[in-house]
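The same chain A turns up in both complexes below, where it pairs with chain B and then with chain C.
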Partner chain A sequence: MKNLNESVKSRGVLLFAFNSSQVNYVEIANRSAAIIKKVLQLPVCVVTDSQEQLSDIYDSVITVQSQNGNVRFDREGNTYEWRNFDRFKVYEFSPYDETVLIDSDYIQFDKSLLKLFDQPFDYRLQYRMQTPKEYNCDEMGPISLPMIWATVVLFRKTERSKIFFNLVGRIQRNFGYYRTLFGIPTGNYRNDFAFSIANIILNGYAICSEQSIPWPMTTIEENIESIATKGKFFIIKYKDRADVVSRQNLHIMDKQYLLSENFKNLVNEIINE
Partner chain B sequence: MSKSGQGFITFAQNTDQVDYLRLAFVQCMNVKLTQHNAKFAVIVDQKTKNAITKEHETIFDYIIELPYDENDKSSSWKLANEYQVFSLTPFKETVKLESDLLFTRSINHWWSAFRLRDVFLSSGCKNYRQEISNNRSYRKFFDDNELPDVYNGLMYFRYSQTASNFFHTAQEIYRNWDYIKTHLLKNCREDTPSTDVLYALTAKVIGPEQCTLPSMNFVNFVHMKNQINQFGGDNEDWTRIVMNERDDDMIRINNLNQYDPVHYFNKTYITEEILNDYRERYTRSKLA
Partner chain C sequence: MIDQIVNQIKLATDFQTNKRILRERILTDLHMPYNNGMFKITPELLAFVTTWPDQVLYLEDTYQNPIQIQRQEFLMKAQAHYQQAMNEWHQQHEELKRIRKV
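After this line comes the complex of A and B, so read on.
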């Protein structure tokens, strides 16, 4: 007899962790995964080129060959090795029917992303970003189109998602062509650009809000001294000032902070709550 | 002229710099390819009439010569005859277009909105991102004089008393421009009014409620003037600032499909390649 019950869909989080010469991304992923397990209560899969230093918290580990390095610049103009290629392969890597792909520096302090799975969608992207001070509306160039953030992507394994990630792959492989076509001044490949371009093309050459995660992503761009919890708030201290923000997911750009003792203690505090 | 049905009309009055007949010819084929069973009329002056070819006669449904030409022959500004469109149109319901505007899809559903007014001027304009433009760089004079924010790239009128009043008023304003600009308007530096200014002033005189319906903001078009699109100043041609490509009637600007009519503004946009593409597709559509 045919089983008419819908099968239970698997759902999980996927992280990429590729160490660079300057940043131990595997350790950041370990800490991020610990919080994900506690807060989202989902299995976590990591894609990495190095099993050394990998904690045993992961439900699955996908080991890939070492990537070529890219470079990125911080707010002070310092240059860092950045291994951001092949993000589009997440569609084939993910062992889940429903995947939350997040950068390991986007720390999941609340469950808001999970609410989106109540909605029908093929994929959802982060269109807007804000800092504690201001709302940002970034473009890919002075005369280009709006940039979305590949920091967090939710997708289901559907034909449209597959087409989307394949298109991101094509854009990565032909980035010189696409950056000229879309008026992107910087020659440095960014997943943000590739995801933005693919989304515009797949929407029929249109800016469409349908795929948007409906709230902005809060990003801390400055170097952090410490983060402390106080009830429903975080107190984020910098060198000469502080922000108080409600307890929410935070995209923390300061990688050295994410590797600090203070952040390690915050992770322990969260997972022991 | 007895009037019947509905259709599109434009003026083609060639100047030394611009072959408006060529633009109207491309527009006519564009209208026939995008609008179901559309009729198209062109109003020409004597000089432009001499440039009419057999091919033009085949494709335009009506070629109408201006009975009396009020334009200054030495000027490249050819707006003095605008008001005559009311008496010259062969249609009961007319969509008047500026000749440098192309459709990318059918606007059949707009006719229901048009019929809410005897005269319907589009309010505001869009940028290539399909957003209603809030750039006022070209509209300071409108703001100074509290004129309705109308654009003449595309307008509708029905053969009616209201439309008759509208065009008669426009004619009177044009004829008395020197007095009006000096005594009634603030900061007016136009020796001759542009059609947008003339029709905005006319709308203000007869009452914007008679000839606009800003809530129907889907009746609109994309205006490719640089500052509306945040392309900087007006020195550089927009086609050199961002990519543009065509896919049959769809126009893609900076990688975005344009679903509203495109007022391309820069007259050199119509290349021989575009002209020939329309010729080919129009001929093919006739054979189908």
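After this line comes the complex of A and C, so read on.
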């Protein structure tokens, strides 16, 4: 484990943005990056296969070849193309000594993640998730182990982190074997599964809180009609109700909302505050 | 008129839900890094550190690691951190009560 006092280190955020046939992830990343720059005040690097719609906000751009598509399902059972492979390559892609890897739909409205860099660690993962309605302790299957969320990962370039990401790559390549071993019913590859399995293996086949981000990630699973600011709050309106939440990081599952004019206006409002 | 009422009811927010989410946010804010450890600042922790007789002690942090504490320095930081987070909570809680119906 690296000593924090060794030297001044470079630190930045890395986003992946691979457009699918249904969702313009590059545009979502552009908007997410604008908020990251304003709130976290860190450089942002993007890994993408499409430079056409990239904004000029990024400090570095890593272009890679197109990936094969995967699929994901939403709450209504709709199927979407999802290009989530090769996330493990972040270790070699990242130009920073200390990296915050964030899914572009996890919008950084507060600085809480930065507190974690005051500590020695190789990597930190999101163990707990909550929605406005409930706490969520997901498991990988009915008889499997707890699942962590690969939505946000903090890591330093250390030997242990390197082993961790190599292991995630190995699990991705041999997902059929590992999903059987860990009792995962679905055959659909998810980074959440691969990161969870790698973490369990690296901890000596044990569940360990040492790598956890100690607070939950707030996720909005429902389809959103609009988000408006009101002082220190967000008013999130859905089809038939609304939530009022303190300004905080939000994992927004509704990709169409993230591409909406309302969200674009919210981003502009935040960055001009 | 009835449409307006229906719309208002549709947008009625669940105060208890919002209250819980605000509390979670404040619990996040109450975490304070110190000497390579991470502490959730609680009244119990403040009381314990206040009454400890020695200047140096070891406390278990959020990650279940024993962290060396300079009592006075820690206490000052922790009190300031606690007060800031709790003030914020009180302020936002009052505001939340006012806007419980959108």
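Here, the second predicted complex is superposed on the first by the 266 of 273 C-alpha atoms of A that agree within 3 Å, B and C clash if a C-alpha of one lies under 4 Å from a C-alpha of the other, contacts with A are read in each partner's own complex, and residues count from 1 in each chain.
Simple rule for what comes next: a residue touches a chain if its C-beta (ideal position, glycine included) is under 8 Å from a C-beta of that chain, and two chains touch if they have at least 3 such contacts.
Since this is a predicted model, take the numbers as computed values, not measurements.
Asker: Applying the document's definition of touch, where does A:P120 land relative to chain B and chain C: first, second, both, or neither?
Answerer: second
Asker: Mind working out whether A:R241 is in touch with chain B, chain C, both or neither, as first, second, both or neither?
Answerer: Second partner only, chain C.
Asker: Considering only touches as defined above, state whether A:T218 meets chain B (first), chain C (second), both or neither.
Answerer: second
Asker: Would you check which partner chain A:G183 touches, where first means chain B only, second means chain C only, and both and neither mean what they say?
Answerer: first
Asker: In the overlay, work out which of chain B or chain C sits against more residues of chain A.
Answerer: Higher number of touched chain A residues: C.
Asker: Identify the overlap between the chain B-contacting and the chain C-contacting residues of chain A.
Answerer: none
Asker: What residues on chain B touch chain A, complex-wise?
Answerer: Contacts found on chain B: 129-130, 230-231, 241-243, 252, 254-257.
Asker: For the complex, which residues does chain A have touching chain B?
Answerer: Those in contact with chain B are residues 143-145, 181-183, 197, 200-201, 204-207.
Asker: Using the touch definition from the top, list the residues of chain A that touch chain C in their complex.
Answerer: Against chain C, chain A makes touches at 4, 112, 115-116, 118-120, 130, 132-133, 209-210, 212, 214-216, 218, 230-233, 235, 237, 240-246, 248.
Asker: Would you tell me which residues of chain C are touching chain A in their complex?
Answerer: It comes out as residues 10-14, 17-18, 20-22, 24-29, 31-33, 36-38, 40, 62-64, 91-92, 95-96, 99-100, 102.
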